[in-house]
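Below are two complexes that have subunit A in common, paired first with subunit B and then with subunit C.
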Partner chain A sequence: MIAGIVRRHGALAVLAVLLVVGGLSFSTFLTPYNLSNLAVQATFLAVVALGMTLVIVSGGIDLSVGSTFALAGVLAAYGSRWGLLVALLLPLAVSALIGLVQGALIARWRMAPFIVTLCGLLFARGLLQLLTKEGSTTYLVPQDSALRWLGQGAVLVVLAVLGYLAGGVLLQRTGFGMRLFAVGGNEDAASLMGLPVARTKVSVYVLSGLLAGLAGVMSTAQLGSGVTVVGVGLELNAIAAVVIGGTMLTGGAGAVSGTLAGVALLAVIQELINQVGRFNSSMQAVVSGAVLIVVVVLQTLLSRARR
Partner chain B sequence: MRLDRLNLRDHGVYLALVLLVLVNLVITPNFLTADNIRTQLVQMVPVLVVALGMALVIGTEGIDLSVGSVMAIAAALLPLYLGYGALPAIGICLVAGAAAGLLSGSLVTFAGVQPIVATLALLVGGRGLALVIADGQLKQIRNQQLLDLGSGSVLGVPLTVFVAAVLVVLVALLVGKTTFGRQLVAVGGNRKAAEFAGLPVRRVLLVVYLLSGLLAAGAGVLATARLTASDPSSVGLLVELSAITAVVVGGTPLTGGRVRVIGTVAGALLMQLIAATLIKHDVPASVTQMLEAVIIASAVLLQREGTGLRLRRQEAR
Partner chain C sequence: MSNIVLEAVGVDKHFAGVHALRGVDFTLRAGQVHALVGENGAGKSTLIKVLTGVHQPDGGQLRLFGDAVSFGSPAQAQQAGISTVYQEVNLVPQLSVAQNLFLGREPRNRLRLLDFAALYRQAGQLLGELGIPIDPRRPLTSYGLGVQQMVAVARSVGAEAKVVIMDEPSSSLEPREVETLFEVIRKLHERDVAVVYVSHRMEELYRICDSVTVLRDGQVVHSGQMAEIGRLELVATMLGRELTNVRTVFSGEHDSRSGTALRAVGLRRRTVLDGVDLDVAPGEVLGLAGLLGSGRTETLKALVGLQPLDSGEIQVDSTTVRTGSVSSAIRAGLVLVPEDRKAEGIIPHLSVRENIVLAALPRLSVAGIVSKRRQRELVDTFMRRLRIKAASQEQRVSELSGGNQQKVMLARWLAMSPKVLLLDEPTRGIDVGAKAEVQALVDELADQGLGIVLVSSDLEEVVEGADRVVVLREGASVAELTGDQVSVDSVLAVIAHEA
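Our next item is the complex of A and B:
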C-alpha cells in the first residue's frame, strides 16, 4: 500500500524526504519564518503553473506565460495611478485577450500550440518593451495604492491557495474538467462524441493567460513597481513543476495537487542549494538541472511502473 | 498537376524570401552589395548550424531546447585547450557537444522522458556548467588559426559561411540519400510502426540528439571565433527559439515525419533578413520583435492554408 502511495505521489515523497533532510542538516531551514518566506516566493510560479497544468491536461502547451506575467505586471503598475480597479482589470483583460487570440489560433485554425505560444512569448515581450520605451521607463505603484495591500505575503498565499482549490474543483468536479481530460486524451474521439472541442481549448488558453496575468499583478503588488526583466524562463519552470507533479505532457491526465507539490519541490530544492551556501549562481543552475533530471527520470520510471 | 504541387506549404518560405528581397531592393539602399550579403550570411551562421541539428530532432517528433547551453559549453571549453592548438581544442568542444547530445538522447530513448523536459534540464544546467568551466569570465581569443576561421575568407566567401554551407550539404545528403535519413523520417512519422517494422528506433533517436549536440557545439566554436572572445554567459542565448523558428518556417512540421534541410536554410535566411531590414529602417527592437511574432505565425498559418487548398482541390476532382 505504501508503495502505491509513493508511486502516485512521487513528487510529494521526494518533497518529504528533502524536508526531513533539510530540517536535520540546517537549523534555520524548518523555521516558520523561513517556510513562510518560501511559500510567499513560490506563489507566483504556483499560480502560473496552475494555468499550465490545465493547458497540458488539454494536450497543449503555453510558452507565453512568462512574457504575459511580465506584461501584466507592468500594466498593473501603469494602471495603478487610476485606482485599484484599473490596476486589476487592465492587466487581466490584456492577459485574457492574449490567451483568447492564442486559443483561437490553436483551436479554430488548428495551429501547433508550441508555435502559437512561442509567437505569443515574442509578441508580449515586444509589447512590454514598447510600453516601457525599450525598458527605460519603470512604472511605480503609488504608496497609498490599495494594490500594495494586495502584495502582503499572507494575501498572496491565500490567493494562490484559493486558486488551487478552485482549479482542483474545476478539473475534478465539473463538466469543463471532464471535457478537458477528454480533449487531452483523444481529441478526435472527443470531437466525435460531440464535445465542444474548440470552445474547451480556447477557454483553457484564456484561463492560462488570466492566471499568468494574475501572477504578474501579484508580483507587482509585492514589489511596488512593474519590473520589465522578470518572467524570462518562467514558462520553463512552470512546465518543469507540472511535469514533476506527475502530469504527462501527452495530455489527458494530471492533477493540480501534483503541480502544487512540484512547485514546492522546486522551491525547496532552490532553498536547500541556498542553505548549503557554497554554490554561486552558476553552480546552482548546474545542481538545479541535475536535480531536475533525477526527479523527472524517477517520475517517468514510477509512472511507467504504475501502468 | 505541376501547378498543384507548387503550393504554399512546400514553397511558401521561398516565395516570402523572394518578396522580401524585392521589397528591400526598392526601399533599402545598398541592399544587394557584396558587403551586405556577406554580413547577413555571417550573422546567420550560428543559428543556421544549430537549426540543421534542430531540423533532424524535430523530424523525429522531438525538440532540443539545450542547444544554446551546449553552444555556451563549447565556447567555455575552447580557450582552455587552445594551448594544444586550434584543431585539438575544437575537437574537444565537439566531443563535449556530442556527449551533451548523448545525455539528452539517452534520457529520451532509455528513460522515456519527453524531449522537451529532458532538454530543458540540460538548458538549465548546461549554461551554469559553462559558467563554472569558464569561472564566469569572458576570455579573449588570441589563437591565430581560430581568428582566421572567424574573420578569414576564401574567394570572397567568409570561412564560417563556407563551413556552414558544407554542413548544409552533408545534412541534406544524410536526410535525402542515406538509410539513416529514411529511418529518421519513419521514426518521426510513426514511432510505433517503425518499431514494428524492426527499425533501430533507439539508435536513430540517440544519433539524432548526438548530431544536434555536435552541431550546436560547432555553432559555439564558430560564434566564438567570429566574436574573437569566449563569452559563455551570452553566446547562444535563446538560439533554441530562433532555430525552431527557422526549421518550422522552412516547412518542417513539429509533428515530425518530414525534414526540409534547404527549407530550413531559407527559413533562417528569411528571419535574418526580416530582422536586418527592420533594424536598417530604425524600427525599434520592441516593434521588430512583435512583427517577427506576427510573421512567424502567418508563415505557419499559410503553410496550413496551403494544405487546406490542396485538399479541397483534390476533393473537387
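Our next item is the complex of A and C:
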C-alpha cells in the first residue's frame, strides 16, 4: 500500500517538475487558456484510461477501446438526427455489448484477454469502416442538437471529473472494487473463496466498453461530427497512462488517481513538445516516445528510492 | 453419537481416464475432528474438492444434514457452511489482512459502501479471539507464510462455518503456530463445528483428531475411531503393505572425508543475515535448524548467490566464490533445490526430460545445438538412479506425484555434477513413501561424496538426517551440535534459549 502511494506520487512529482520547467521556458504554457485547453483535450483519454485502470487491476487488458471509441463517436453522430437520447443510448449500448461479448469470452470461455480484445479492436474498426463506407460518408450532428451543448469544454471536464470520483469510490469503497483487486491479485484464490470471478470480469469489460463509448460520444459532441480516423492507438496511450500512474500491469494493485496523474503527464509532455515547435509530426512521436521512457525510468527510481 | 453434518455416499469421480474416486462413503459428525489420510494420489484432494464444490461428482450423492445437495461452485458450498483452508495459501497478497478475512462479505455502511472502521474492528476481534497477534490493516504480503496460513484459517472460521476442511494446514507452520492452530480447532470442536484434517504428520493426527478415514487408490480402506488404530497400522493401511519400519530411513551417519567441500564465513545482509558461519566436508550432511524466519532459507539463497550479501566469504573446495552471483556458484559446484517446488522449481508444462536438462543445457550443447541423444542418455541415467516414476521421459512433469516432482528437481541439479547440494525442505508436502525414498537418496548422495546442507522444518528429519547441526537464530549461527549432541531436545534447547 505504501509502495502504491509512492508510485502515485512518482507520477505527480514528475508532473510538477514538467509544469515548472514548462512555465519557466514558455510564456504561453502556464496560462489559464492553455491549461484549460489541455484539460479539455485530455478528457477523452482520461475517460478511456479510467476503464482501462479497472480492467488492468483485475489482471486483464482491453485493446479494443480505441476502436470502440471511434465507433461510438460515429454512432453518436449518426443517432443525433433522432434526438439526444438516441445519440447517447445507441453508441453506449453498442459499446457495452462489445464489452459484454469480450468479457463473456474471457471470463466464461477462459480465452486470453489480449487476443479477445485484439479481435474486438479489429471488429469495431471494421464495423466503423462498413458504416461510413470506408470513411466516405460523414455524419454531422445537427446544429440544434442538444449533443452539441454536451460538447462544451467545461461540460466535458466536469463529466470526466465525476467519472473519476465515481471510479475512485467504486474501486476503493465497494465490494466490487475489492473483488477486482482479489481477481487481479490471485484469481485462483478469489474463486476458491467463493467470489463470483466470472461475473466480476464480465462487468469490468462492460464498464471499460461503456467508458470508451462515452469518451467517443464526448468527442463527437465536441467536434460536431463522427470522425472515422480518431482513436487509432488510443488504447496504447490509455495503457501508458495507467502504468505511469502506478497501476501494475500484472494486476491486483492500482488506483484511479494515479491514472489521472498519468493522463495529465502525457498531455503535458505532448504540449511541451508542441511548444518547442521545431519538430515535424514524425519527430514529435520520436521525442514523445523518448521522453516517456525517461519518465518511466525516473518514476521507477523514485519509487525504489522511497521504499 | 452426535448428528451427521455432511455425508458422501458412493461418490465417483473420473478424470480423463483416471478413476480418482470409486464409491467413496464418508461421514462427518458435528464436533468431530476427522483425519483424512492416504498417500499422494489416493484421492484425498479430489474428495475435498468434491465436498467443497470445486468438482462435481460423476456418481453418488452428497448430503448436508440429511438433505441431498449438489454444489456447483465453491461459493455455493461456502454459503451452505462448508469452508476450506488450502495447503497453499489461497489469499490475495496485495490486499490487507482484514480485506482478505472479509472478502466477499465486507461490512457495508448505509450507502452500501465498504465500512472500513467496522472491517478493521471485526477483523481485530476475530484475530484476537483466535490469538493471532497481527495488524489487520497491513497488507498480507508483509507477513510470512505461517501467518498467512493462520489468516486463511481465521477466514474460514469467521464464515459461520458448519464444516471446516483443512488440507495440510500445518505444512508451513512453526511449532508455535501449530499450537495456535490446534487451539483454534479445539474452539471449533466446542462450537460443534466439524473439522476435516488432512496431514502427513502422524503426531498431529494423533494429537488433534478423534476419527480417521483412510483412502487408497480412490477407495475408502478404513474408517473408524483414531484411538482404535495404531500408528504403524495406520501407515500400513495407507500404503497397503506391511512395513517393518515406516519411520525415517535416514542412516544419519556418513563417512565424511577429510577436507572441506564448502566453507562460509560471516555471511551478513542487513535485516536478514547477521553472521552465519558454516562448513561442510565432502560426504557429510549438515543440518541447518532454526525457526521460520531465523535465516535458514536466506542462508541457502545467499550461498548460491540468490541473496546479495553485504559481507562474507564463501569457498567451495578452497576456492573463493563470488557472492551474489548465481552463475559463479553453479560453476563452483554449489546448487540449491529450493523450498517452493511450484514457484521456484519445476516448470509444469514441460516434460520430465526438459525439466531435468534445463540447467545442464549449456553443458550438453555444442555451438548452441543441443544433442537430443545426449539429453536422453542423461535423463535415462537419472530416472533410473533416482527411481523417478514416469510413463516416459516426455510425460508432463505436472502429471507426476509430489515425490516424483521433487526427484526431478534433484535430478536437474545433480545433472550439473555439483560438489555441494543445498536442500531446502526436500520432503515438504510429499507422502510417507516418497519421503522415505527422498531421504534414502540424500543418504546415498552423501555416501557418494557430496557435501549436503539440509534444511527442514521437521526437526526430527534434520536430527536424523544430519551428522552435524548448525542452529540459526535471528540470522546468525548460534550453536553447532555434533555427535551425541544431535538430538531434538538439544536443538530445541538452543532454539528456545533467549539470547
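Assume the second predicted complex is superposed on the first by the 290 of 307 C-alpha atoms of A that agree within 3 Å, B and C clash if a C-alpha of one lies under 4 Å from a C-alpha of the other, contacts with A are read in each partner's own complex, and residues count from 1 in each chain.
Quick note on the criterion: a residue touches a chain if its C-beta (ideal position, glycine included) is under 8 Å from a C-beta of that chain, and two chains touch if they have at least 3 such contacts.
Remember, predicted model here, so these are calculated numbers, not experimental data.
Undergrad: Scan A:G252 for contacts with subunit B and subunit C and give back first, second, both or neither.
TA: second
Undergrad: Which partner does A:L223 reach: the first (subunit B), the second (subunit C), both, or neither?
TA: A:L223 sits against neither subunit B nor subunit C.
Undergrad: Is A:L19 contacted by the first partner subunit B, the second partner subunit C, both or neither?
TA: Neither: A:L19 stays clear of subunit B and subunit C.
Undergrad: So, A:V157: does it touch subunit B (first), subunit C (second), both, or neither?
TA: So A:V157 meets neither subunit B nor subunit C here.
Undergrad: Is A:A112 in contact with subunit B, with subunit C, with both, or with neither (first, second, both, neither)?
TA: first
Undergrad: Quick one: subunit B or subunit C, who's touching more of subunit A?
TA: B
Undergrad: Across the two complexes, what residues of subunit A are contacted by subunit B and by subunit C?
TA: Residues common to the subunit A contacts of subunit C and of subunit B do not exist here, since the sets are disjoint.
Undergrad: Please name which positions on subunit A make contact with subunit B in the complex.
TA: Answer in residue numbers: 61, 105, 109-112, 114-116, 118-123, 125-130, 134, 236, 239-240, 243, 248-250, 280-290, 292-293, 296-297, 300-301, 304.
Undergrad: Taking the complex as given, what residues does subunit B use to touch subunit A?
TA: 63, 65, 107, 111-114, 116-118, 120-132, 136, 241, 244-245, 248, 253-255, 284-290, 292-294, 296-297, 300-301, 304
Undergrad: Of all residues in subunit C, which touch subunit A in the complex?
TA: 54, 73-79, 84, 86, 90-96, 99, 103-104, 106, 108, 112-114, 139, 155
Undergrad: Where on subunit A is subunit C touching in the complex?
TA: Spelled out, the residues of subunit A in touch with subunit C are 1, 169, 172-175, 177-179, 181-182, 185-186, 188-196, 252-253.
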